[in-house]
Every structure is written in structure tokens, then in C-alpha cells.
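Below is one structure, written out as C-alpha cells; comments come after it.
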């Protein structure tokens, strides 16, 4: 089947303590399906795009039910392979007030981590594909996954498929492979048209130090170095979050082109319901804008609005559609839609 | 049985997504009984008044359980008739942060909508009744319901029963009958001692344009025209809401007599639990003040406090009593009542 | 077994309406174990101390399950006796917005209230104990419990065990014994090294009137009188709470020594989850600081942080550990700990 | 208001462990309203009769919500008084397999137990009343309640109101008053037209020993003695239960007149949902049959069917109507009613 | 996309009372997606077949979430149209013990009922389709739906697509159109290769009276008449249910060819979880057997096993796969699969 | 601290689908703590014995909460070590009707599996210990765990501590180490005073084939060979289960001494709530009988009753006490204990 956007990454099962409880405070867990690339695929599907996911999952009830959840939201799962290994899990304790949220990863030895590098036939999967999206979690999971990500990106580049890469650096996941992270991430970024990452991500990858300058200057400089270093690069995007408490924060978005910088005003986030996946919702929003041909400013506005609204949806997926996001951007005071 | 306040309108079953979930995000619904007039009747019952509801419901488990819920809160249901037709439903998605709440009506072909105009014997039902209360939703439901509302109001006027009418204009419910709405609403308002409606409601009914003046001036002018047009009219009341997010808003109340305007300070609404029914709680508060003989200022203060506190109660009904509302008005900082 | 901190008081079963519901609004209750002294014991256990509780409970499924809950959090229950009488209960309605929380006590005729004064062998229980902690609720429950508290404190004093006393004055619990409260409380305070109580508590006990002076001056004066009156007294500690709504408040802590006053800045409390037990979490924090030999300022900072964070935990117990509290105090913006 | 059947007894709040859990195994309780006489009143109301309850309840949120629950099912609560004292509670662990259900009473010092004997004006309450119903739990609760029951029955007798009495002997509730139970129960039975009680109940009251005879003979003999002893007595009714497990049992009913015995076949009870209140549902069924003028056989058939069907309804109340019971008796295999 | 089995019918949202509760006994509903043809499509998808559904749904959150639920189970929804009208609902009370389950339909004015006859392009939809499946509920919903069913079947016949038809006669749904039911159903059956229906269904359609003969004889005779009347007919299949209680029943299956009858032994059904959709699970099992080329006996065995196992799955769908059904048929005592 | 019974094995977190749902059918899991040896320790603690567990758990929120759950039931956890590795999980789907329960293990790379053989100081841990209990799951988890089990048993033997071993053979857990299982298990059994295992377990270990004889004869023969082979062996115990459905089964117990065989009658199990852990409850019952000095018949009766009653308790632990089990054995028909 033809696909517009193909995401490659690990699908995770999240088990969270209900409401504001601590983990195991009472005897139950709420289950949601997530994973950075799955989140992007579902978001884009709800925004009206054809999407597909390439992944590896265990051939058991957990793996199959995750697939079902992706299908439910319209994501094509033809490129998912069932293989040896565990279901990747993570346990989530929601934050509350001044208590931060807490994630306990339990994804070692997952089917995705154990899969060899050459399990997917990228040439065939990328037929009729407009964009390939991968996050920095994929190369962190295992050396084979990193290799697979590189193969996918090279194939995409060769076939004139656009490539986006979300740095998403998480030291814990890289574990003993941390030292190689900058090199691996940089290699991947060589193939990217679009990188999601702020000045710290870029500095980490490029071994770059902006010196003692203002935050704005740091970002500008980091972007300049990145556009110079990564030859395919056309866009850099990221959000900036200010946190007052687990329930009340602020979010602003930025989109760099080689020439310009486009920013949004900081949007207040009140009564936050579920903070996980907001970055992926933003990423999906940027892809939506670029695919639909919106202006850079309209693109970053749309993406930031999507990121903000994700905070109101339980689970990892942003389930809202274009009209919900446009209503947000219209700034019309709407209390109850009838 | 003698009744102090009789409300006439449709009783609805509300099915809401749990917590902050989207509709059908997980496999369950929370059920509450509501409907503008039922909400007013229950509020007044909890404030210590004898109340009754006249309505039409399907003769099935849903209709009967709605009746039970009204009885639970002390509302007399002797004037409810069981008739052909469906149970009127509405599906509610609670708002969260910048995402507004959403109501999906499913009340077509309800027992109330299908009932003929002359099913209730108003002369008998209004015996010993002090007030008749009807909202603008009743005439919107069907032509027969509009006719029934008119019959009820005329009977009340003839028997010296006070009449209150809550404009509550909702274009969607009027559907193809929208064009007739102003005329029908105006006709009903001719019989009202008390109208709940702000300048937009009044302007819509009266085909009136206040011109390019301040908000305060608009309201004053609209009230003046209304007092001139509707001969029985003695009071106009409404609230003004400012919305920062689904969880954090502001509410102020106004009560007009022919001579004066009484307003409250804007009260902050934080940590909003359930915003539905707040207008009905306010309406019940105004009726309470008028019936108890409170001063106009005390009346609008009490009603606005009732409207504010409704936001803290799950479901459509304001279940709080006079002492809860007086504690709110006392502005004593009470953290835990022991 | 050796014990570091022994708490003596009634263990309660709390039955609360789910979420923001009113009591019995829907057909279920959430159950938690609490009681001022049990809360302190559990908090200290989670902070890494050896703790024990002395109490009396009914010999039925409720009494035994409360014991299990204390054991779960590492509190030694060897000094709990099973006796005639009921399980002490309290029903809780959480506050919301401008609606305060509400506690309905149902602890009359409890096993604790009915127990005779001399049921515990304090000399043996206080072996190897560093601190004895009792709150003002214990003497309020019954004359025998007041007598038992006095016996325990005298034994502690004689054995050079430190004594802390949390005034926690609640007129409703004292009932017809209210008039004797100041005398009984004062007598207990004669044995205390540490009193939890603000100027109103102290003034009530000591029959003292600070006159028309500033709040700060009142507290300073009350402390001075207390240090003069109570010969063993070395520390006085309390919190000051400002309430905007049930969800949004502010907390600051104070610790007096005979010479100095140490205060914290007021911390904002946003998105409050469960306000019950915050005072006990603060008390446990002060004891932690004193036992660990922290400076007075570090002690009151730690305790106030503990009190603040308790607002984010469902139930009466503060389940957080030292590292959670230190993260709070570090003021590092942490959104998600991974 | 005129009433057909007046029940006098304590209204209880039941707190049960969810599903098949043990008490406090997880942190929640399900709440239901019950009490022998309340159960009879609600059953009769659902069978189409006008019913009322006379009782004493605490003037707090628990007492008022119990009242609301009775109103929901159409029971008149005009004869309920709010008085000093606790809400009577009981904790229920449902049975499962070979594990029996377990009831933990917590009703000491309740408003009902503390009420003086002469709080109700029976002469006025029994106006227009056809039957007075009281169970043996009422005199067990306190001496004053026993006295009140006697006053009520005497008034009924004097006013030609029929009287039914359900022996319901529970040694635990009588406590230290156990020795007086036979005398008190006998005195009450002197006024009863109808007694619910099997041969063991009757033998206990009458100090009667049937000797070493068959079960059938024992019952016949006990009935004979009862008809001889209690001059007003016209009917004796009871059920016989055989238990295979908590989920699978058998129930048969018997109705004695002075002349005859009418029995039903034993009905199998499979997949039992909630066994509490089945005896009260049977009692209500007998009263229904007698009031509607059914034949004795039809009466005991109807009552036993009602008792059987109660086992399928969660909570203490039998909420089914006449048509449900008639469908059961028709023995038509009905899998799904559409 | 190519499809193997296309089902045409209304997708319904079912709202059921939790556990064994009566409707609205507590304030929540469990939601499941169902509808006879949707059930067959999902069952076949889980058995490994490519399936699709043609239907009409409202263009709102309810309609879209139903679609999502079908996609989750792998059913192609490309032939679903979003149109004016309501979401078809039904309210379910589960049976318990001797209390039967109860279905309350609320599907009047649904998008499916209101859709005109010629909305689907059958010629295109039946491309690459092996079987078309429709139930007797579809023609009952509206005259247009009956016409649409006929158009679909005629197209299938013309294109050599096999046709199955499940009589599923429900008088309530036909309403005022009941008199035309036999004629309409017969007309549809003219195109069917396979009919699901027992002797009562066939006799009703064919106006046929088997006379006073044994049950077996009746079925044989009815089948004979059907094979004679309906020229395309090759198979007739049905189940026979014996009911002891809502929890304990028995099921046997039968498959007729023109020449032979194949029956299964009666299987005991114990601890029934959800009885809805068992007939559709059986129908899917027959289609599975025919498509996979199983022998008639193996086909009816498989289908009956599928029907039995459906009783163990909450919701309308049979979610089990081939291996689960084969384990059942193996009659190996398996307590826990590890 | 002195300990009476020390159990050594892995503590597991079980995540089960609610009620009768399939895994991930709805979005939640119920969490329970289990593991064969933990189950035995908790059972014995509830039967009044001092018990302790030696184990290895991850040093995270999951590991610590499991510890808390064991403490809640009075098990000493001083011998638990926190080490590198995952929390061992298993996912459970409850059986229903003819659908068997299903266990999905997810315990690879757990802290227990990764722990080296010599982490526990058995000589010190076995001080004051009367019995050491280990199951065959421990050696299956890893070679190091097998070695640790052997070291523990040898130490116990040397110190005259009794040793019990539950064969509990599970091929899946042994994985590639399956071929070594008989040798390892046999070596462990050399140290056992008591083996839990039926003729299949014994035959598997001993490479023994009883030939074509009756079931009774097989068991007798297997026991004879075992008593001959294992020099320390004094008792063999096992249960025999007959399964009609997931809800309805039968259980009988057997205890062999070297001279005699003691069996119970088969007990019916109806309305099974949770079948997991029944074997461990039986094992605990045997240990209880031997420690308390009951006769062999009384021991196997008690143990089988414990095993039966476990089926009525949600979760892996048997939480019932001696009096519950004695009530079961008394065969008194008890419907409701009041």
C-alpha cells in the first residue's frame, strides 16, 4: 500500500499509576500504547495523513494488542514484524504540584532491541512515501537499531524521500553506548531534512560550545553550525518549556530555516492532564505544516498549538484533529462546544 | 400535593467520558440526570423549597431511573407523564486546559419532543404554585413543546402564579425552526415576571441593535427595551463569564429591576470540576432570593455564589444547601470543615 | 525490638468520596489509613527511621487491616493492642475550588477511646527509643487516653527519651471535656522538648492574650511565654497556610528555638491532590531534621518541603523519601524524571 | 399523606468489599442503603404499593443521603426523624465458593439505638395505613427501640391496622439483653397478624421443644403452638435455604394459615449476585400477596420467586417489579428480553 | 483493496450496566461496539480472514470511534459512509441467575436507517470479494435498508460472490412493517447460498406449518422446504440453546446440506460472561469452515465451539483465534496455559 | 531476628486483565504480588507462623512496593537484597467457562535471575529457622539460582533445619536448560524432608516409568521409588485437580509417609475466583500441619481445605486464617457469618 509518512521506532506499552497516585500505591495500572515514533504516526493520522509504522514486536497478546491500538487510529501496520523478545514497557507516575512525573523504563531485551539491523526492506517500504521519521530513541535502543535507522535514512535519501529526525537524547537509554552517541546521532543527522532539537541537543552532537552568550544567541549559533554541518538540513524545530508545577506550565515553539527564525508567543498550559507525548505532537504538527505547504510561521504556530493541546489528552497520543487545533489558534473563548 | 415551584421541561440523561478523556477514548461512560428545568428544580429543592417537575419521559428503564434520581433530591414527579418516544440523551466531553468541553445532543424523537401540546392540565398542576419556571430549550425542542410552554405560562398568568423564563438560546436545537425563534421566545417573554438573558439574548429576540457602545451601555439599553416591551417583566438576570482555561474562569452576576442594576464582583473559579448546570444553579439562586424576600443585591450575590459553587460539583445538579452558599459569601478562609 | 521513634495515638480508617464528589454522591468510598500519630510514624519510616506505634484497635478485619497498612510502610506494630470497641472512622469529602473539604468524625466508642489508661507498659516500650511523639488528639479522645498520654510522657522524661507534642486542638473532639482542655494540654506540654503549635494554640493553652499587635509579634510573644512556662521545651514549630482555593494555596514554616526564629519562604501549592496529613508530614520533617542533626534552618526547610509535597500524595500518609524532598528544595525545574 | 404500608426500623449504610475481595483487600468500599424494614418498604414500593418508613437517623450527610436513596425508590420519608447519634453501619464481605459471606456490624450508639421510646406519634402516622411491618432487629437494637415497637404495634392493633413481624433473631445484636429476647419477642408477637419465622425462631421465643421428630413435623408443631399462643396470628411464613456454595443454593417457601400449609417447590439459585435482603424480599412478597388478595398458594409462590430473584440484584433492595416476578413464575425459558 | 468477506449492516454502540447491575443502578455504563454484521466481520478477521464492512454512520465522535474499534480488529472500513442521522444505540442489562438479560433498543432515526437504498456501489465493493454476509436485522431497520440489502445480494449473485443470510427475526425492529417481513426475507433468501435460521425462522418466512411432529422432524421438514424454495441455497445452519440460568446453559449446532444433516453434541456453557454475539460467532465459524474447505462436520463443530467460547468474552465480538477454538475442540483439560 | 520458616525464591509482580477480560481488552491491569515461595510465606504468616523470605529484587519503585506488600502480611523481609536487573513480571488472563486461564511470563533478566549464586549468607539466615522452603521455579530461573538453592539446602541440612521442596516443573522457564532439569531437581530433592510433587513430577526427575498401571498404583510406585532414592525424604504431598470449567472444578489431596498414604475426599470448587496460588496454599497447609504436630490425615485435610479456599481469594496469596479453614472442614452450612 502507498504510504505518505513512515515512522520507524519502538512501540511501547505504558503502565501508569491511576490519577495522581504513586506507582503501586493502589493495586492497578492504566495501560496506554506509546513510543516516540508511534506517537508521531498516530498524531499525523488524526490530522488526516496516511501514515505507517515500521517496528518489531513480540508475537504475544501484548504485541498484538499494541498493533490493534495503532490500527484503531488508522496507522498502517503492514511493516511491523513479530520477533523474539519482550514487549518494551515503561512505568509512569504522573506528576502533581511540585512533585515531578517519573518514568521507569523496562525495555531491555525487547523484540525491537534484539532485532538484527537488516530486518526491513526499506526500498520496498519507502515506495510512495513522502517522509521518513525517526527519533533519537531508536539508535539508543541497540547498535542494531542504530544501524537499521541509518539504512532506512540512506534508502530514503536515495529515493528522494524527506527525512526528519528527533534528537530526543536520553542518556539512560544509551547506557554503556553513551560515548558513541554524538557520532551516531551526527551520522544520522547528515541525512535529515528536518531536525527536532534545541541548542543543547545540537551542541551535544556537534561537540560545540556556544560560550557565555544569551539563550537566544546560543540557539541562533547552534542552528548556524547545524545548517553548516548537515548538508541536507533545511529545518530545525524545538519547543521551550517553563514549568511552574506539574499542572501549570508554558510552551513556546521555534522553527529555523537556513535563513530565518520563526517563533510563537509562549502559551500557558493550565490544568495539565498528561504531559507525555507533547514533543511528538509538536513534531507531527511541524510535519503537517510542511506537508500541507503552510508558511513557516503558520507551521510553527500549528505545531506549538498541537503540542499544547496534547497536554489535555490522557495517554501518549495526540488524538485531536485539525479543527481542534485551529480553534485553539483562533483564540476564540470557547467554553462549551454544542 | 401543593407545590411552591413548578418547572416544565425535558429531563435528559447525560453520558460523559470519565475524567478528562475524549468521548469513547476508554470503554465507559458516566451517567448523570440533567436538563435545564430539572437542574433548577433540584437546586431549589436542596435550598429548602418544595419543587415539582412537569415533563414527558419514555416508559422504560431509562425514563424511570431519571424519575428516581429527581425523587432522590426531593422533587415531586407527580406531573411527569410516560409516553411514546426515546429518552433524550446528550454526550459530554469535559474540557481540559485550552480544550473546550463538547456537547453532542442526541435528543431527536424524544418522548418530550413527540408529546402533543395539550398533555398537561396546567390549571390543576398550578394549584398552590408560587412560581412557574421554563427555559428557552423547551420551545426549541418541538412546536408542540413551544405551544405547551405558552399554555402553561398563560395559565400561570391567569392564576397569578409568577413566571420565570430562561432564554437559553441554542441555534442547533431550533434547527429548521430557527427563523421562528425570536417570535416564539418574545411571545413567551410577554408572560414572564423574570427573564434570564443578557443583552445578546434580548437583542436576538427583539431584533434590537444597541449600536457601537460599551458593553455596560449595551446591557442597560437592552434591559430598558425589554422592560418596555414585556409588560409583566419585573426582573432580568444574567451572568458574565471570563474563561482562561477549562479549569480556571471568572463569574459575575447582574440583576436588573426596572429602576436599578445590581452587580456582584467577579469571582474567580479555580479547579473547575463540572461546568454544566452553572447557569441553572444561578437561576435557582435568583428564584430563591426572590421567594425568600432577599434584597436585590443579596439575591444576585446569593445566585452568583450558587453558580460559582456549582462548578465544584460533578454532574448537572447543584447539590449544595443554603449554609454552603452563605459560607462562600462570608469569604472566611475555610480549608477543612471538621 | 529497639525503636527509634515511638508514636502513641489512635489509628483511623478514612472513608472518602471518590475524586471531587460529595459524600455518597455515587455509591463508593475510597479507604485510607490515617490518624495524626500514624501519619508521623509512616512519614518517618519512609524517611529512613525505625518507628513504632502504640495504639488500641478492635480485634476485627478492620483493625487488622489497618495494622497491615502500617506494616506495609515499615512501622513496627508490636505495641498495638486489640481490645473491645469500634474501629475509629472518619468520612472525608475533598474540597474543590471554593468549596472546602469536610470531615465527618465517627470515632465515638472506639477501641482507643474505651481503652483504660494503664494498658501499655511504657517503661518497656520506651527501651531504646529516642523520641516519643503524641498529638493533642490523643488526650481529646477520652480521659483515659489523656491519662495514658501523660503516663507515657512522664516515663519518657524519666528515661531521657525526647518528647514531641502536636497541639492539634479540635474543639469537636473534646466535646463536653472542652473546658479541661487547656489544663490537660498544658500538663502534657510540661514534658515536651518540642511543641507543634502556633500562637493561637499556645494562647489557648496558656490563657494568654498577645493584645493588638502584628502577627509576627504575636508569634514571638507566644513563643516567649511558652519557653518560659514549659521547662523542658527546646523547640516550637508550625506552618502558616494561605488558601486561595481547595486546589491552590501557600505554605510557610517556622521553627523557634529559645533564642532564635527560623522561617521559610512561602511555597506555592498548586494542583493540590490531598491536603490531609500535611501537618503530620511537617512534624515528621522537623523530627527528621532534629534526629539527623540538621541546622535549625535546614530542619524547617526540610519539614516545610515535606509538608508541601504531602499535598501531592493521595491518602493521609506522606510516602516520599529524602531524595524527593531534597529535589524539591533544590528548586531545579524537573518536569519528568527518567 | 396517606400510606398503605408503614415500616418501622433502623436504616443502615452498608459498606462492602468490591466483588469477591476480602474486607480492605483493596482500598475501596461499595456503599448501599439497607436495613430489614427499609428493604421491605423499597420492595413493596417497586411492587406498586404506597409505602413509608418511620426511623431515626443522624442529621449529617450520611443520614440525609440514606433518606435520598429511599425517596429514589418512592418510599415516603415524612416519618423519619433526625436525632443525635451515629449512622448505623455494617461492613460486608461477599461469600465466594465455600467461603461464607461475613457481616461486621458497626451500629452501636446509632441515632436509632439512642432514640427514646416515645419519639413517634403512631396514632397520626398510622392514619390511612393498612399494614405495619417491624422486624426483630428493631427490639434488639435497644430497650427504647423495643418499647417503641411495642407502642407502634399496640396503636396499630387499636386502629385495626394489620401487623407483621419478622423474627429475624440475631444473638449478637441483643448482646447483654439476650436473656430478655424471648419475652420481648413474644410480647410483640401477641400483636402480629403475620409472623415471619421458622420452627427454630418460634421454639426460641416460646421455649418450646418439638422433640425428636422430622423437620416437617417440627414446623407443623411449632406453627400449631404459635397459632395457639398468639391470639391475633393468622399467618406464619418462612423460607428454607439449602447451600451448596456461596454461588449456588436452593430456596423454598412455606405459608401457614391456622388451617393449612402451602409450600413451593425448591427453586435452584445459580450465579448468586447478592444474598443480603432475600428474606426481606420474601416478606415483601407475602405482604404483596395478602394485600392484593392472592390465594395463599399464589402468595407464597410470588414471595418465594421474589426472594429468589433478589439474589440476582446487587445491594440490599429487591428492585424488581411484578412483571419480572411473574416471568420467573411462568418458567418460560427467557434468555434475553428484547 | 481486495476483500474476502464483505458484511453489510448497522454498526451499533452498546451501553451496558456494569457487572450484574440493573440499568442505571449505579451511575455508569460500559461501552462496546456491536451489530450482527460487525460481529461477524470482527470474528472472521480474528480467525485470519480479510474482512470489510459496508455501513452508514453519523459523522460525529460516536460514529468515528465505532470505526476505530472495527479497525482495531483489522476490519477494512473503506465502505463505511458518514451520513445524517443518529448513532444506533442499545442498552443492555446482563442477566443473572433466573433473571434474563434485557436489551433496550434505541436505534430509531439512525444514520443507517435514514440512508437511501442506493448509497453503496456494490459492483465496485464486491470486486475480489468471496462472500457477502447480511443479517435479517438489516431489512428490518428500514425499507431503504431492505432495498439496499436486495441490491447487494443481486449484485453478488451476478458476480458469483457467495451470499450468506442470517434470518435473525426480531418482531420489535420490524414494527409496523412486520406484515411484510416474510415476503422481504423470502426475497432475500432467494439469493442466499447459506441461511442461518432454525425451523421457526424458516416456517415464519415460508408460511409453513410442520404439524404435530417431533422437533427433529420439524427441522428436517423445514430444511427440505427451504432447499426446495430457495434455488441458490446450499447450506442451512443454526444452534439450539438450553437455558438453566443466565450463567449456565447448553449449546448444540446443526448444519444441513441438501443431502445431509450434521450435528454436534450439546456443549455445557458454565460461568457465562457475555451471551450477546454468540450467534454471530457461530455464523462466522460456519463461514470460516466453508471458506477453509473443512468438512461439514468439522465446520459445524468449529462454529459451535466458536459460539460456545464467545460466551466467555466480554462485549459483542468473539476475539478468539483458531488455536483457541481448536484447543476447545481437543477437549484437553487445560486449566492454565503457561 | 529469629525466623520459623524461611522461603527462598523470586517475588513476582502479576498484572492481570480485570474480571473476565482478555489481556489489554480494556485499558487497565490489576496488580498483585506473587511468586511460589512468597505465596507460601504469606500463607504461613496468616496461619500464625513467623516467616521470612530471602530474595533479590530491583532497587526501584516496583521492587520496594513488592516488599511492602509482603510486610503488610507480616513476612520478614530482612533477607531481601536489592540488586541490578528487572522486576520479574507475569501477565495473567483469568479463565472463564471453557476458556482456560493464560499466563504470559515476562521475567527474563530479572534481579533474581541475574543474582550470583553466593549472595545470601545461609548460615546466618537459617539461625533459629525450623524449615527452609524452596520451589522448583527457583532452579529454573537461572543456573546461579539453582546453585543458590543447593547451597541453601545444604546449609539447612547441616544445621538440622527441615527442608521442603515443591517440584513445580515448568518446561517454559527452564528453556534451553531443560535437559539438565531432572539432574538438578534430583540433587535438590536429596536434601528434602518433604517433596511436593505427584507421580509425573517424580517420574520426570527420576527417569522412572510406572508402566501401564492404574493411577493409584502409579502414585504408590512413584512414592516408593522416591522414598528409596531420596534419603532424607519423609513426606510426599500433592493435589489432584479435576476441571469442568474455569469456574467449577474439584480438588483432592494426598500425603504419603514412607509407610502410609493419607487422602482426602474430592472437594467441589464452585464459583472459582482466582485459581493462582492454590498449590502454594496447599503447601503452606502441609507445613502448618507438620509444624503444629497434626496427624498426617489432619494435615492433608487442613492443607487441601486451604488449597480449596484459596480459589475464593483474589490475588496469589491465601489470606485466610486457621479459623476460616476449620470452618470449611467442619462442613457446617454457613451462609453468612454475622
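Note that the chains take the letters A, B, C, D, E and F in the order they are written out, and that residue 1 is the start of every chain.
Going forward, a residue touches a chain if its C-beta (ideal position, glycine included) is under 8 Å from a C-beta of that chain, and two chains touch if they have at least 3 such contacts.
Every value quoted in this text rests on a predicted model; they were computed, and no experiment measured them.
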item	value
Result of counting contacting C-beta pairs for A-D and A-E, higher pair	A-E
Proportion of interface numbers common to chain D and chain F (over half same, under half different)	different
E-F, B-E or D-E - pair sharing over half of the C-D contact pairs	B-E
Fitting chain E to chain F on CA atoms, where both chains share a sequence, rotation angle to nearest 5 degrees	120
Rounded Å distance between chain C and chain F, as computed from the means of their C-alpha atoms	42
Chain centre separation in whole Å, for chain F relative to chain B (CA means)	63
Touching two or more other chains - residue numbers and ranges from chain D	22, 27, 68, 102
Sites on chain D touched by chain C in the complex	15, 22-24, 27-32, 60-62, 65-66, 68, 86-87, 89, 91, 93, 102, 104, 106, 108-109
Residues of chain E that touch chain C when the two form their complex	26-27
List of chain E residues in touch with chain F within their complex	267-273, 308-309, 311-315, 319-320, 324, 327-328, 333-338
Parts of chain C lying in touch with chain B, wherever the complex brings them together	19-22, 25, 95-103, 105, 170, 172, 241-249, 275-276
Contact set on chain C toward chain F in their complex	1, 68-69, 71-74
